[in-house]
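The two complexes that follow have chain A in common; it is paired with chain B in the first and with chain C in the second.
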Partner chain A sequence: MPIRFKKLSYIYNKDMPYAHKALDEIDLEIKEGVITAIIGETGSGKSTLVEHLNALLLPSEGSLEVLDYNIVANQKQRFLKPLRKDVGLVFQFSEYQLFEETVIKDVAFGPLNFGFTPEEALKRAAEALKKVGIREEDFNRSPLELSGGQKRRVAIAGILSCDPKIIVLDEPTAGLDPQGAREMIDLFVELNKKEGKTVIIVSHDNEMVYNYCDETIVLSHGKIMYNGPTFDLFADKEKLKEFNMLEPQIVSFRNDLCEKGFRLSRDARTLKQIAKEVAEQVKR
Partner chain B sequence: MDLIEIKDVSYSYDDSKKAVDKVSFSVKQGDYVTVIGHNGSGKSTLAKMIAGLLPVKEGSITIDGLEVNEENIAKIRQRLGIVFQNPDNQFIGSTVKDDIAFGLENKRVPSKDMEGIIREYAEKVGLTPFLTYEPQNLSGGQKQRVAIAGILAMAPDIIIFDEATSMLDPKGKKEIKQLMYDLAAGDDITILSITHDIEEVLQSDRCVVLNKGKLFMYDEPEKIFAHADKLREIDLDVPFIEQVREAFGKYKIRLKSDDLKGMVEELCRSGSKS
Partner chain C sequence: MNNLVFGKYIPIDSFMHRLDPRAKLIGLFLMIAAVFVPKSWWVFLVIAILLALALLLAKIGIKMIVQSFKPMIMMMIFLLVINALTIKTGDILFTLGPVEIYSDAIFNTLFVIVRLLLMISITTLLTATTNPLDLTLGIEWLLHPLEIVHFPAHEVAMMVSIALRFIPTIIEETMRIMNAQKSRGVDFENGRFSEKIAAILSLIVPLFSVAFERAYELADAMEARGYVPGAERTRYHVLKFRFTDYIFILICVLVLTFSILSRFYL
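Let's turn to the complex of A and B:
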């Protein structure tokens, strides 16, 4: 079942002089079982939008359907706990939210809170840590001793240990080195392909979005500007210009080749595939 | 003698492994030097030693002939500033103005002179309209500009940028990189920038490549990226243009241009010839 926003608005400091409409009557559908990117300039409402997905923020107006839950503005919410188990949200710079004495305790915190026995919680924590690539000898270290990239993995394991159906990540690769970022993305792709999780990523990294995300949503000033296949967005020069988006180099290169009359298939997204198709046309 | 001279410098946090391993190189005054390498390659350790934040136990570092050690550290710190990665961790004042003033106060600049200095450097980094703003009301890029203004006000010879743009959004990144390029364009300030941004490396005069604590290469960026295979060996990214060259090389198509537009032209020409 897709996620559906219906005429949803969110107003910060409602009824106050500083009131600010961060989301403006949003109608939106996010597909199940794919990787969706949410992009837009700082202040466009990306984080506000995703914080609705597990009801950290409740709509000021309109409503939202996630899985079997229906969240309606100004109605008492009864199912927050199961919703938050099913929708895991990883914040920006999540490495700062670690607090327990040891890595494994930090990751087990979620399952314990959702009512699992201590043994079961630790078992789930260990599984989640293995999935994100934390070695067993580090389980009993203080999370504060780990490197920045490792800390962020531990924070993600903290979400995975609750076995959510939907995983939402707010700028998961910001501040990581290129290799660390790649490993992080590989993990999300694996969670999506192998376990069928719905993955929603807020990002500023257009290159990553182009390479790995099936669908893209563009936000600007609290409104949806685009919602559709990532490939179609990046193939449309006018749209990129309109949304003030930096074109990844691979996209500029592909678009330039197409303009010069090379015929590239939809599969030619990677440099490897582009080179192959162009080489065939050059040699003919 | 060069402004920064690093000779046979090593460092280990514990006895097991060397974070920096017998590194030697020197930096001329006014140069813009980028430092690349993986996390854990020793980049930040080396920068901290140059700034006197970690002791030089093996080998030596001199700045303008002055050895970096406990005795000289106060003198050296007057000539060198660091901009760190996280814009939220380096704000000291309660307003932009106070923050820029902090270093000047420590340097005992008379308060009648301070106002002028603050205005001058706020202007230079484009913060004049924000002087009375509080840090929480600034964007990441603006916060980094405050840090840079605070350092410039101390009239340093050297500025070290420790992944100063990596936590910023694309707009903030662009702003700060432009500011770095502008500073680098003058002859006065020597810049050492630790970065993962290959496009920034292409703008620098020279580039240090570190791998597992050792100096892997030190040369002009074009020369470094001419060895794409060597960089691949240690798992570092190569510029997109070199990736294109490699990808077409596999089909025996040798592209010679130095920019993408040129490469597209080349492909068109070879396409119409056959």
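Let's turn to the complex of A and C:
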């Protein structure tokens, strides 16, 4: 079941002289089981949008359907806990949320809150830590001793251990080195392909969005400017110009090839596929 | 957290916002004195009318002022109960069981409450219309004469301005960490006592480590830009009294004079 926003608005500091409409009557559908990117400049409402997904923010107007939950403006919410278990939200600079004495205890904190037994919580924590690539000998260290990249992995494991159906990540690769960022993205792709999780990533990194995300949503001043397949957005020069975005490298390369007379199909999006089609045409 | 009204700066532009922070600080002291001196309702009426005018000039809704009264409600009830039990002068208005309520008890309590409300309104008006950094500049200027007795006015003002500067940052961090922990199933509002302790712990520990990190970063940034405590510094932002500032202080002085005189003649 897709996530549906229906005429959803969110107003910060409602009824104050400096009230601010962060989301403006948003109608939006986010597909299940794919990787969706949300992009837009700072202050466009990206973070506000994702904080609605697990009811950290409740809509000022309109409504929102996530999984089997229906969140309507100005109604008391009763299913916060199960909703938050099913929708895992990893915040920007999530490494600052660690607080337990040991890594494994911190990761088991979420499952314990959601009602798992201590044994089960520890088991889930160990599994989640393995998934994000933390070695077993580090399980009993203090999270504060780890490096920045490792801390972030532990924080992500802290959400994965709750076994959410939807994983939302706000700038998960910001401040990581290229190698670390790459491994992080590979992890999300794996979660999506192997476990069928719906993954939503808020990002500034167009290259990453183009290479890994199936769908893209463009947000500007609290309104949806684009919602559709990632390739259709980045292949459309007019749209890129309108949204003030740069072409990803592969798209530039593809466009150059087309100008030189190659006929590339819609499938030729990655370097590998482009190479294949070019090779076929060179042979002929 | 966002509902805190008392002491919150409202970043808009208005006549009151443009007044010199020093003038507003002096005005605050004069007006609070004027609220505490009189024994007559007439003075309160005059102050309330001037206050309403100032609120209008500050473009601050009455709603915000009323909201700033909320934390005081318990105190007012407490005051009323104590006064009702202890003051035994004036006429008996009515009896509640064994307790006789005298008119002076009600009258005195009302008087004190009005006094408190006026004081809170005046303070809220100051903090709502003055940027915290300007406020510390004003405080530093007022503390300046004390440097003769080696009072570190500049250092104190710097500490106050850093503290004020970090309140919104720390609130923001608190919200972020709270949201992160809520996403991990922490319930900050409901739950048993032991659960609440765990919830608070999951907030306090990261908050402390963030606060220390920020403090180190700030210290490095200040040193990198050549900050030396106690060294003579020039100002980027120079405060300047204008005609309206003098008028504003003059009005406040007049109110205080009226208030003092009212004790003898009204």
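Keep this in mind: the second predicted complex is superposed on the first by the 276 of 284 C-alpha atoms of A that agree within 3 Å, B and C clash if a C-alpha of one lies under 4 Å from a C-alpha of the other, contacts with A are read in each partner's own complex, and residues count from 1 in each chain.
Everything that follows uses one rule, which is that contacts are C-beta pairs under 8 Å (C-beta built on N, C-alpha and C of every residue); 3 or more make two chains touch, one makes a residue touch a chain.
Since we're looking at a predicted model, the values are computed, not measured.
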Which of chain B and chain C A:V282 touches, first, second, both or neither: first
Chain B versus chain C as contact partner of A:E41, first or second or both or neither: first
Shared chain A contacts, counted only where both chain B and chain C touch the same residue: none
Contact footprint of chain A on chain B as seen in their complex: 38-40, 85, 139, 163, 166-167, 169-172, 196, 235-237, 240, 243-244, 247-248, 250-251, 253, 260-261, 263-264, 267-268, 270-271, 274
Contacting residues of chain A [partner chain B, same complex]: 41-42, 93, 147-149, 174-175, 177-180, 204, 246, 249-250, 252-253, 256-257, 260-262, 271-272, 274-276, 278-279, 281-284
Touching residues on chain A, where the partner in the complex is chain C: 13, 15-18, 51, 54, 56, 80-81, 84-85, 88-92, 94, 96-99, 109-110, 112-114, 144, 155, 158-159, 162
Touch list for chain C against partner chain A, complex: 2, 10-12, 59-61, 63-64, 173, 176-177, 179-187, 201-202, 205-206, 209-210
